């Protein structure tokens, strides 16, 4: 395996964007970075800058307005990148399925690589989702 | 004929970025443990930089790559000057040049975060540069020389004579490493009002270059701190690492202060410490002006 | 752009958000900056609007409990409780006494969770990483109690129309007691950092001042109002079991960021005390009364959320669907105050001042 | 002595806690490598027991996220775990006790899968 690919798998910098979730998943993403779960063990850093991010972690069912912001964030993030949709509403709309102003899933806006179920998704599931996303990143690299 | 010392200096120069990366890794580990977390592996900074190197960059201005190389180059040059026994003042000025590069990078971008970060980086320079020069001056007062080689061969350790200047170097290290309370221009975790500050517009290999440059600058300041126990290089580096630990401790014990407070604190504390130190020297007869 | 055409006094405009690490939620605040001072703020919301109020009319009224719970993940139990209270009133359902006490315990637990979350995020917004980590570490005590109670760390989903659908046994009650004691000990240890640490005070005292009169004029609620000396607390209306409990609203008069910080810190201890008191006083008995009617009429429920007054106006028409479910959340009421207190402070004070009203955007926009 | 005491009082309050955690064990669960037991009553995934199910559609009716679809004529149940909010209301509602709750949470996946159950006649 190439050295860069190996490094890539050990340093996923995440960009977190909430496009309409109830906060449950967002606080769990933050909880995954704090002492009990400490995703920084795996090199995860919440970087907040799309230009330096590798993994875009999206929560929420997406509405027309946040979709615009999400699309621009996705375009700003340089390759290689993966998108993780956290929570039931980011995958399918979940409990917000019949709300008037939602698209029902992030995959209607940007291509999604990994879906994490749960409402709200637990930190364990989020860490698993990140690891799965990294495997996808490796496949994209041809490793 | 190449002397042993030259070979040693060349090896040290090549090793400087690796040492810097390792120190950053240790720093992240200790910080994590202070926050009662496990923390990333010690080699994490190297993974980060390698990954950034392999990532496709977003170049927002044509100046960016040149200036990123400039930042790394000038940082390297300043360490080289130190290792090959150059002039303390020219080391300080070369280091400042590197800083000018990164300020220009962030100012040349359109992003307001980057612009504000650049402005604050200027204030960081404004706080560190006078302190570095004063530190060098106080070393001169004792050793009668700005040349590192002469300082290194000075017969007695500098620390008992210049405790103030040593603490001032610590303040410089605090600002240089972008640690709380003075992480105003950028912070490693980006939980800050101006997101990544000066780093906002950097990406891919330019970010990797700047990151390596940052390691080297940390090594530079630590080596200057190690000069304070010049006769024995091991004791000197022990002192420098103790300073690093104090900086990490300060990072975890303080919130970020505003840049106004940073300039005021560093100037007041720096000038007062150096002045008191020089006064002490004159009173005890350690030096004559 | 031609450089020479610019006016002499150039104001920088900073778009803060919608994606910003200080605020986990998307709201855009466009700051106009002049010489490093904020001179104008324009809040720009709508990134989270989902249309929950409309969906409440489309759903079966029982399903709305789960939907209202997800208006906001942080204070989910309170939303479910407010909705259930409204429907119980419309269907004349009596809630058993034990259920009332359990609701108070869980809503105080939500408040505890929310305030600890906020204290951590606030520490983060002033760049105090280690304090953030330590507070969130202690917050895990509350989350693990949540998990033991209901099987989930965030969404309790225990509130139902007519009572609660989970009971506590003796073992769980003693776990709650020991958990509360541990939490209190650990937070007491950290309290001096907020009270006395000079660097924290440097960032908070005298920043974002909201005088009492101004707070009243702008209609601030919750800890934002209590930090300005207004003793407003909906819990004093005595809903659920609050009328049997002994407490006073926490009030600080200074009206700055530090006052709001201390209000929330002291409310953490208040919540711990209330939970302990509830567990002592809790009567035995059933926890659920089945309800067989459809909601009819209109009612208003006001409860105290961690961020302030939560207002539910539910109208039924005798069928299984509601006619209207109007939700007014505390952060919406606090946005005018937020815009007001930001003006005149430094760029570096933006983050703590914005955090000090504890904006919950997913509540605000629903 | 007083000066020393004053200096200690003015010392940053966080140092004690920070140094203590540096010397004690971190609070981290090393999650992917060490898998802790799920707490009792964790609301994990659900599975349908088709021997008991009488296709009454009660669970479909109460499901807040409409993640269960029951086709009575073909005897088929479609359950979408990526739409499910794991509230376990269906478990409490089912009169036949045909829905088995699990304490194991569902893992992430590349695709949104749908669980299909069919009655064997």
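We call the chains A, B, C and D, going by the order they appear; numbering starts again at 1 in every chain.
Criterion: a residue touches a chain if its C-beta (ideal position, glycine included) is under 8 Å from a C-beta of that chain, and two chains touch if they have at least 3 such contacts.
The structure displayed is predicted, hence computed values, not measured ones.
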So which one's got more C-beta contacts, C-D or B-D?
C-D
In whole angstrom, what separates the CA-based centres of chain A and chain C?
26
Roughly how many whole angstrom separate the Cα centroids of chain B and chain D?
47
Determine the centre-to-centre distance between chain B and chain C, using the mean Cα coordinates as centres, and give it in whole Å.
43
If I count partner chains per residue in chain D, which residues reach a count of at least 2?
12, 14, 18, 21, 26-28, 30, 64-65, 85-87
Multi-chain contacts in chain B: which residues touch at least two other chains?
32, 34-39, 189-191, 195, 252-254
So chain C residues touching two or more other chains come to 20-21, 59, 66-67, 70, 128, 130-134, 137, 140, 152, 155, 199
What graph shape do the protein chains here make by touch: line, ring, star, complete or other?
complete
List the residues on chain D that touch chain A in their complex, please.
26-32, 64-66, 80-87, 105-112
How about chain D: which of its residues touch chain B in the complex?
12, 14-15, 18-19, 21-22, 24, 26-28, 30
If we count contacts the way the header does, which residues on chain C are in touch with chain D in the complex?
59-60, 62-63, 65-67, 70, 128, 130-131, 134, 137, 140, 144, 147-148, 150-152, 155, 157, 165, 189-190, 192-193, 196-199
Listed in rising order, chain D residues that touch chain C in their complex are 10, 12-14, 17-18, 21, 27, 39-43, 61-65, 85-89, 92
Can you list the residues on chain A that touch chain D in the complex?
35-38, 41-42, 84, 88, 91-95, 97-98, 113-119, 122-125, 127-129, 131-132, 136
